[in-house]
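Look for subunit A in each of the two complexes below; its partner is subunit B in the first and subunit C in the second.
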Partner chain A sequence: MVTKNRSVYRAVLLILVLICSMVVPVMAAEPIRIGAFVSATGPASFLGDPELKTLEMYVEKINAQGGVIGRPLRLIHYDDGGNANEARNFANRLLRSDRVDLIIGGSTTGTTMAAVPLVERAGRPMISMAGALVITEPVRPWVFKTPQSDRMAAERVLADMQSRGITGIGLISGTDGFGRSGREQTLAVAADFGIQVLADQTYGPQDTDMTAQLTRIRNTPGVEAVFNFGFGQGPAIVTRNYAHLGIELPFYQSHGVASDRFLDLAGSAAEGVRLPASALLVPDALPDDDPQKQVVQDYKAAYEARWNMPVSTFGGYAYDALMLAVAAIEAAGTSEPKAVRDALEQIQGHVGVTGTFNMSPDDHNGLAPESFRLLEVRDGQWVLVD
Partner chain B sequence: MFAEFLQYLFSGVTIGATYAMVALGFTLVYNASHVINFAQGEFLMIGGMATVSLLAMGVPLPLAIAMAVALAAVLGVALHKLAIAPARKADVITLIIITIGASIFLRGLAQIIWGKEFHAMPSFSATESVNVMGAVMYTQSLWVLAVAGVLVLLLALFFTRTLMGKAILATSMNPGAARLMGIRTQFVLMLAFMLAAVLGAMAGIMVAPITLTAYDIGIMLGLKGFVAAAIGGMGSGVGAVVGGLLLGIAEAMTAGYISSDYKDAVAFLLILVILFFMPRGLFGARVAERV
Partner chain C sequence: MALRLPERVPGLPVLALVLLLLPLFLGNEFHLDIATQIALIAATVVGLNLLVGYGGQVSLGHAAFFGMGAYASAILTGTYGWTSIPALVCGALLVALLAWTLGRPILRLKGHYLSMATLGMGIIIAIVINNEGWLTGGPDGLAVEPLTVMGAELSIFDHYSLLGLEVSGALLWYGLAALLLLLAVWIAQNLVDSPIGRALRAVHGSEVAARVVGVDTSHYKLLIFVISAVYASVMGSFYAHYTGFITPQVASFEHSIELITMVVLGGMASTYGVILGAVLLMLLPQLLTDFQDYEMMMFGLILMLTMIFMPKGLLPTLSEAVRRLRPRPASAPASGQE
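Showing the complex of A and B:
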């Protein structure tokens, strides 16, 4: 019995050695270990799935071109399923047993914030792909993020309303984390644009009919436009209800629904809806002198060729996170965490898919509200308004 | 003012009609076995998702509906044969837990086959909404209400007028005695699961144009449908419809007149109050509990 066990053990060992020898490329240099925890399954999989695909694809690409500072990249990734507890466990594993040089993740604000105390203590840079402002404000030394914050989305929408001479709006938001945070940011900055939020309604993320809330907004005197902050299918249903009720006021959505899927779900009801979105949604409509045009077109083409599915804004966040990491490691000339962190903070004019990043010690996001493009739906297509 | 009230009412009826359709599915299996089939929501999802994907393949709507319903019927039989029948000696609680397991399995399968995105289905009528005295209503809600009405009628006739329906009721009341009377109780149970699956799939198809559909739509709709069935009285077709409409209208009225933040709270308060005073629901059978 003992000998049998031992032989099994030997066989397993042999297989392991064989696998390792196949995986480790011929390059003798020590790989740079990049850890990632994303929500590839579960309710936030629409974020994590394209993010992981993007990371895998570009790590392969970079390694095929000889790696970074002469060293290959090694991606170690875990799927937290959108669960903050799991995210914390995986971040811990990445830091302690996988000994990564840098972390990319998480996909949601919840999973990111669960890992923040760990990376702060361990002193390893982390680049998050989640939206909320709390991740980078107040600034934490080791935490960076690539998407614009929800405050910027609110500012972009409110600025457009202001330019149309709108002074009173109705707000309708989801009760999930994204919607709640968006609602708070909108309420906080509305006054800066001379806009009053006259009606403030909410809906559950799983609700199937929002006509009651919209009827209330419509019947509130002084409302000149409606702004829906939410993601998932909720905003699509709100949009359908909006058209169904025949409300004629200008209608705004948030960047939470900036994908072609929204057009499929909302159908003809989406006509005239305006929203702030990544340039990735309209790569061909960008003017030729736009610095992002090339980056965005290349990413879209590469992703769609490799995975045979439409590109998503969220994958773009992962692209930017990886490219920022690569740029910082190249600038630092080493993968030593402190040097990489300092280099990340110094990044200026880095053109990504999401926008142009100008990091600084008090801004670990580095994007301006203008990185959002204002789009309008016309004839079932996104049209660049501003 | 009246138009506003009417709008809330219509909104409530739209939501309520979807809940009612789901609640109907629970009555069949419950009537046959006192098992609450928590996989009912999944049949709903399968009906909607299968129809959407068949439509995308270019199958005309009536045929797509028929095929989706047939698929659900096969799965209903399979659920009984593979999961419920092997545990026939188990008590009701065990069977309920089995249905929960089945629902998780079906949801996972759907996620692999159809992906995780939401899908839209066109409404059955060309005009999407009608205007009644200043308020608008989805034509699809009318479809849902009409089909729910027809199904209630058919179910009532089935349970009171046909031998098979009476056999199902007999099995639920006393399986041992029913078997002695020559009723093949396992066959009756299989039939109940098949019909419940068909009913669920029908509901899923009817409501998909309103709610959109995705692999996990069955969780929320299944739960709300169960609540509606409990309010109306488990096992009663009329109760399911009344319970669903009551729940939907309560939600819409709260969202409209009080605050959208409280609409779920009011719905649950409604359940507590009704079940406190009428533990068997509004239309539940008034039978004395055997101790």
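Showing the complex of A and C:
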């Protein structure tokens, strides 16, 4: 019996050795773990849903092409439902339980900021897909973001107003996070463009009529244009009220409504409205020498073919986040967090869907205001103005 | 016979033992983090249960009290440089005053007017927190300073030496949350077993009968409403310091509903039941992530099935089932069905 046991023991040992020798080469291709927390359901699902779809689709694509630095990507994703506390918990889970190399998320400013302290502490790069300036200013070592900040949208609009010789405007904004932050940024930079904000009105996200606010703006002497910083259905209602009141002044919207859905909601009232938007809305109108043209067209075609639904600007943020991560990992030659972070900071001239990224230690967003295209609605279509 | 449990399980020592041993079974800091949050929310729910389970009144705005405590701590320590404990006390006093002002006229009435009043108040407070961005940071939230006690800062990210042992801040926070939960349960049980508790149960049974035997019903209802609001405020303060970042969602109507659901799911008027409710409702989102798209459906299904098959709540139904299964001892035939 003893000898039999020993031979079994030997056989087991041999098998173990064999397995170990097989594991070593497999270890070399250990997947790069990319964690994501997005608001795929809940009130912010219009952000998180296209983002998640984009991430899933491109991780599949990249893996089919052999992965990054010879290693496949593994996407671990959670849905925070737009709740900041859930986002914090999922970020913690990604960092401590799933031990990811890099995080993409969150979809909103609140969910991003809730995760920031944990990410900073754990020392993993995080690329946010949310808009507000506070995410990257002041610059935090580990936090990056792909959308332009709301300040840039305000600057783009104000610059266009300046070029039209406008000096006094009426501002109307939503009281949600997007509108509130946008209002602050507009008030902060208006003077730089020689523009005075003469009327400053707000509306709640659930309001169904903004005639009173618009009437007050119209009756303010010196107002030469109106700027609405808002998000969701509110701006569409403002646009309709604006048309009903017959206000003739130039009307600007923010990038918060830069989607085809706004055209459906506002209908003919949207004629003449100008807004800053991603190139993704007008891929075919871009001049052929525009470096973004190819990227934008490819992304739009791939997304629409795969999911059979119209592409959205927000999905583009996720595309850029993933591609920036891939570029940084390739440049670093490793998925080691510190090296990836340093590489992210060095990225120059990376052409994405949202714009061309030039990162630096002082700028973890890397976009210029010019990455916003100024569009105007003509005959129910987006037309590229600038 | 060996399986026979004592008629009244001594709850508090058992809970203490569970809380003490739990860290040994938790794999990583993420689990510890969730456990800490559950303990803080469970303590809030124990307070809410005093009102719902014993006072027979429903508050649909308890998250607002929780949120007020959280924001009071965040603003007073962050913007005005107070230390944590005075800020916490100040928040609790503010909440007590608000609850008293609200409850005094409302609780003189019979019926469920308190739910309407708290519903309205909760929504108003959530709107104020959302809109007064200069003070509260608005919808994008507010960062909160770590807890400071007598000059010492307790941060989840630091390490501390305690009796010569190196202890992580996360573990210390867990210990603090566990102590708070035990304290919350201890106070609640003493209240329930005091004349206040007996008066409240009389009110819950029949308000008219209670009045006939001379119980000042509105006084007791008001008292328990204020106490449960203060519970929420204090736990909100700790929660804010712990998570380090709060958004108006902590004070939202949805959060109020979540708290009430924990009470109903766990078992009204059962202190340990509602703790179980809190554990379950906080763990489910983490456990159900594997179902991805079906997460919300699973969540709803679990809640529905519990309410259909266990209308009294989890713990009361389970303990009743255990009692039924247990063979009745011949010597004391009546005690099992008490």
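Please note the rule applied: the second predicted complex is superposed on the first by the 358 of 386 C-alpha atoms of A that agree within 3 Å, B and C clash if a C-alpha of one lies under 4 Å from a C-alpha of the other, contacts with A are read in each partner's own complex, and residues count from 1 in each chain.
Following the convention adopted for this analysis, a contact is a pair of C-beta atoms (placed from the backbone, for glycine too) under 8 Å apart; a residue touches a chain by one contact, two chains touch by 3 or more.
On a predicted model such as this, the values are computed, not experimentally measured, just so you know.
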- request: Using the superposition on subunit A, decide if subunit B and subunit C clash or fit.
  value: fit
- request: Check the residue A:334 against both partner chains and state whether it touches subunit B (first), subunit C (second), both, or neither.
  value: neither
Field: Touching partner for A:358 - first (subunit B), second (subunit C), both, neither
entry: neither
- request: Check whether A:167 is in contact with subunit B, with subunit C, with both or with neither, and answer first, second, both or neither.
  value: neither
Message: Contacts for A:109 in the overlay, against subunit B (first) and subunit C (second): which applies, first, second, both or neither?
response: second
Query: After superposition on the shared chain, which partner residues are touched by A:297: those of subunit B (first), subunit C (second), both, or neither?
result: neither
- request: Please work out whether A:245 is in contact with subunit B alone, subunit C alone, both, or neither, and reply first, second, both or neither.
  value: first
Message: One more residue to check, A:84. First (subunit B), second (subunit C), both or neither?
response: second
Message: Just to be sure I read the superposition right, which of the two partners does A:220 touch: subunit B = first, subunit C = second, or both, or neither?
response: neither
Task: For the combined overlay, can you note the least CA distance between subunit B and subunit C, rounded to whole Å?
output: 7
- request: Using the superposition described at the top, list the residues of subunit A that contact subunit B and also contact subunit C.
  value: 175
Subunit A partner contacts - residues on subunit C that touch it in the complex: 27-31, 33-34, 37, 130-131, 133, 138-141, 143, 157, 243-247, 249-250, 285-286, 289, 292, 295-296
Query: Can you name the residues of subunit B that touch subunit A in the complex?
result: 4, 7-8, 10-12, 14-15, 18, 116-120, 128-129, 136, 138, 207, 210-212, 214, 219-221, 251-253, 255-256, 260-261, 264
Statement: So, in the complex, the side of subunit A touching subunit C is made of residues 41, 78-79, 83-86, 88-89, 92-93, 95-97, 109-110, 113-114, 116-117, 121, 132, 134, 175-177, 180-181
Residue numbers on subunit A that touch subunit B, as the complex places them: 45-46, 49, 175, 201-204, 206, 208-209, 211-213, 215-216, 219, 232-233, 236-237, 244-246, 261, 264-267
